[in-house]
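Two complexes are shown next, each including subunit A; its partner changes from subunit B in the first to subunit C in the second.
For the complex of A and B:
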């Protein structure tokens, strides 16, 4: 028996989840669970919740509601271009019309198409639950703290994701933003690997650099440690050290051989894309 | 454009676009049971014990003991309908459980425990000792040619599996009439009389007590040539045992895991060149992976061998081939039927030889192209006009091939490099060898009703290729009647004679000709308002009789010809490609319907490009690694560009209104033209399809070839 619920408000959705706990599953677009034929004793459908479908910018933070579909976001000029481009590479129009950015985050697939970009954008996941008082209590987690591994997140049984926040400083005044999905074909394909890079160059010095790889490990590969090493380099120094940097990233990648691609290809293309990106 | 070539609305257009078409999965039979299978988990093993769970009321298990003869009739009959003592591939059916609820039947199958003794499995065709067929033929003196060659070039090509990827999965429903002692099978299929023959044998019934009805069929591409016979026998055994209708519809995963695919191939060529860069001899060895049972593999191999020299004249030739038996899913029919493997190999060889001799691919081809009157590799003749110069002229005009080839041959810099590739090919029309005359002996009836409408009674099926429309157009044109007065229904063996299977690009050429002849006779005898019937049977017009033992003679009455050009850019960083242009120029004789033929051409070329680029299906330990359309990728609309299609006029008297075979031809050039374009872009030589980005970059890495 499956109980299907259509909450009328975010508070009601959280109330249902609080009651049912791990027995309940939220459905936003459903584009991942449907082909996987996943179900739970209690299915809570979020499609009607307009409170979750807003994009807003307040001060220095861009907030993307958990119910926003890819299509909605692709057409919203508040959204950074690099993220819009990454979403444009997802599946096909029908899936983009239904699927949500928050859903992509919650499903925590190693090959999630938006995840490398969200990492370099320093995205923060806003999770909420209903307190006994009836108030909605929010918890903010950086994306790398939220996604723990393959299909694993830090979301608690009583919680749901309310929004994904992106600090505006992460994407403003940048020199080069790039995202690249390498799939087996140009639509309806699961990524073999993906790459995202963001950097700011001022007076020939790398002020800020953030680099991430998808589908070459249980979760997105991003190293703040390596990024710190690269930051502050002049472009000439960067060119000189490029091989060392590539070698250090190579050591972080854990690509697999599977039905979609080979470990050797994944590794090689990640590094080629990185090398190309760092050619500033 | 000839009158008959003008496009009309397809006979089944409204039914299909409105969603009213009833496929087998839409058909519900009163009191029907659904079935699920217990399948082999081992590539090779002896069945020691089968333990069934207690079956609830209304459920039953069916196995090989429930058939009069547990052998599947294909060409021969080695394959069991249900494995009884031994399993020969993963996924082979051992038994089925039928009952009112499919989920319950599936659950009961999962609870069934089969104990095996594992036997050594042959998973690699190179290591196989058994063969479904072996052939050898020669002309001239290859040994002498190799001895006096200025240069000998040896290359080995490999080709992968290809999945037909029809939209509608396989499915049948069987009903047993106990009073009459008659079985009826409805289903998605290409060849109702193949199913009919298989049922007669398995149930030991005479022809009158077996009825097969084709339902609307959502694509076949060869995949529904032999497999529906197996499914029909399994469903029929269950229906007879249960005394209730039994329906079996595969879901996509089951369909992909157990139904036949295109044969993987390994093709070795040794080419002897003289000092003037002329090919003076070719020695060819082809091995196809037949899978666990012979099935159609002998004939597939024949076509591989007959296509192995492509459109070229080679006076000293030796070719041998075998279809290796391995413990993998039986390979079967797929549009092109053995030819795509060979056409990829020989066309790539021509490109590599051209490069070695410093000639352009086109110039090297022109040096070797066959002409009318030339001898074929098997001592037959190209009796009719060979339109290679016409195809090339038209392709140059449309694609600018030679200009672009010269442009992209100059050094290229940057992330993206461009290339353009060309492939020339032919396809023997109709069945290989003497099967039309000796085995099929097609019979066709035109029945005129009292209302002066004319029905075509034939066993050929419309599986999306538009046969109801093209058949009807031939009849209408020959009778001088409007198309609406012609009736063409899905075949029902109780009503239609055996005009043969819907395979081998034979329907228009062979059966279409029977329709034309019958229609002309009917017109001459026409009496308005009276019921009339005209029957026609196949008449052989092959000039040099085929001898299979000697592998000599005219293997085909005539040939269709084609040329493809593919232009693309390759991304150095990822090995991925962007198609920039696709051109197809074909000689299919008279085009029976321009829109239908254009659809065949566009789809065929893209299916060929898929075969050459992304359609990767790997067997690992006897099991396919790609189990769904998520992992087995076929090109989408986003992966292609609009292709330009043209036809040259070269009518053939032996076909209706001059038409020849068309459906399979269109697939043959996509893979070699694609690979040739990548070769020009990257400056590397490749020897394997699908040429995935993984393979492209691996070749870069090795600084060599794959």
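For the complex of A and C:
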């Protein structure tokens, strides 16, 4: 027996989740759970919750409601271009009309196409649960703390994702931003690998650089340590040290062979994309 | 029980909310223009319009169309736009076995209703989730382009 809940408010959805805990599953666009024919004893449908479909910018934070579809976000000029481009590379129009960014984050697939970009944008996942008082309590986790591995997240049984937040400072005044997906074809292809890069150059010095790789391990690969080594370099120093940097990333990337691609191809293309990106 | 608008009429489905919209359309309401190809969101044979947007009914749980308007090919067939699309698909040789055609027509309508003057790249993008095993696509792109050219004012 499957009990279906179509809550009228976020608080009601959280109340149902609190009651049913791990027996309950949220459904947003359904584009992941439907092909997989996943069901749970309690299914909570989020589609009607307009409170979750908002994008807003307050002060220095951009907040993307968990119910926003890709299509909605691709057309929203508040959303950083690099994220819009990554979403545009997902599936095809009909899937983008239903699928959500939050669903992509919660699914935590190694090949999730928004994940490398969300890492370089320093995204924060807002999880919420209902306190006994009836108040909604929020908990904020950096994306790399939220996604623990393939299909594993830090979401607690009583929680749902309310929004994904992006600090505006992460994408303002950038010199170069890039998101790149390599798949078997343009539409409807799961990534063989993906790359996202963001940097800020001022007076010929790399002030800020953030680099992430997708589909080359159970979770996105991003090394703050290596980024720190690149930060502060002048463009001439960067050109001189590029080979060392590539070698360090080569040691970090541990892709696998699978039905979509080989480890060797993945590593090679990741490094080529990185080399191209670092050619400033 | 889920209430929604189907081809302009208010209806109530008796199926459980997690039922695929595709099955509700075909089995409960007897609307068989919507086809099942892959059943996984990959091929577009099951395309319908939800609030005027293209959705794959095979990956849509019934609950997700609650209080929304769903249009299948049957609900679109009696319009000027449909007649023009049908004529252009026929002229361009865009139909062979016909299995993809209802989905292609819905994808064309979704495109033209938002963008009456599409570029070729936009037409290809709009049908990129609709697979055709017969035509090689160029004829379908041509059909949509003809419809856009002849359809001034319709969309």
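The rule is simple: the second predicted complex is superposed on the first by the 280 of 280 C-alpha atoms of A that agree within 3 Å, B and C clash if a C-alpha of one lies under 4 Å from a C-alpha of the other, contacts with A are read in each partner's own complex, and residues count from 1 in each chain.
In this section, a residue touches a chain if its C-beta (ideal position, glycine included) is under 8 Å from a C-beta of that chain, and two chains touch if they have at least 3 such contacts.
All values derive from a computational prediction rather than experimental measurement.
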Name the contact category of A:150: first (subunit B only), second (subunit C only), both, or neither. neither
Where does A:30 make contact in the superposed view: on subunit B (first), on subunit C (second), on both, or on neither? second
A:39 contacts which: subunit B (first), subunit C (second), both, neither? second
Does subunit B (first) or subunit C (second) touch A:184, or do both, or does neither? first
Looking at A:234 after the superposition, I want to know if it touches subunit B, subunit C, both of them or none. Which is it: first, second, both, neither? neither
Once the shared chain is lined up, is A:259 touching subunit B (first), subunit C (second), both, or neither of them? first
Pick out the shared contact residues on subunit A: the ones touching subunit B in one complex and subunit C in the other. 35, 92, 186-188
Write out the stretch or stretches of subunit A touching subunit B in their complex. 35, 92, 180, 182, 184-190, 258-262, 264-265, 268-269, 272-273, 276
Show me the residue ranges of subunit C that touch subunit A in the complex, using the header's touch definition. 16-18, 20, 39-42, 44, 47, 50, 53-56, 58-61, 63-64, 66-67, 107, 110, 125-126, 128-130
Where on subunit B is subunit A touching in the complex? 415, 572-576, 614, 616, 618, 625-627, 630-631, 633, 635-639, 692-694, 697-698, 701
Give every residue of subunit A touching subunit C within the complex, in rising order. 2, 4, 6, 27, 29-31, 34-35, 39, 43, 45, 47-48, 71, 91-95, 97-98, 186-188
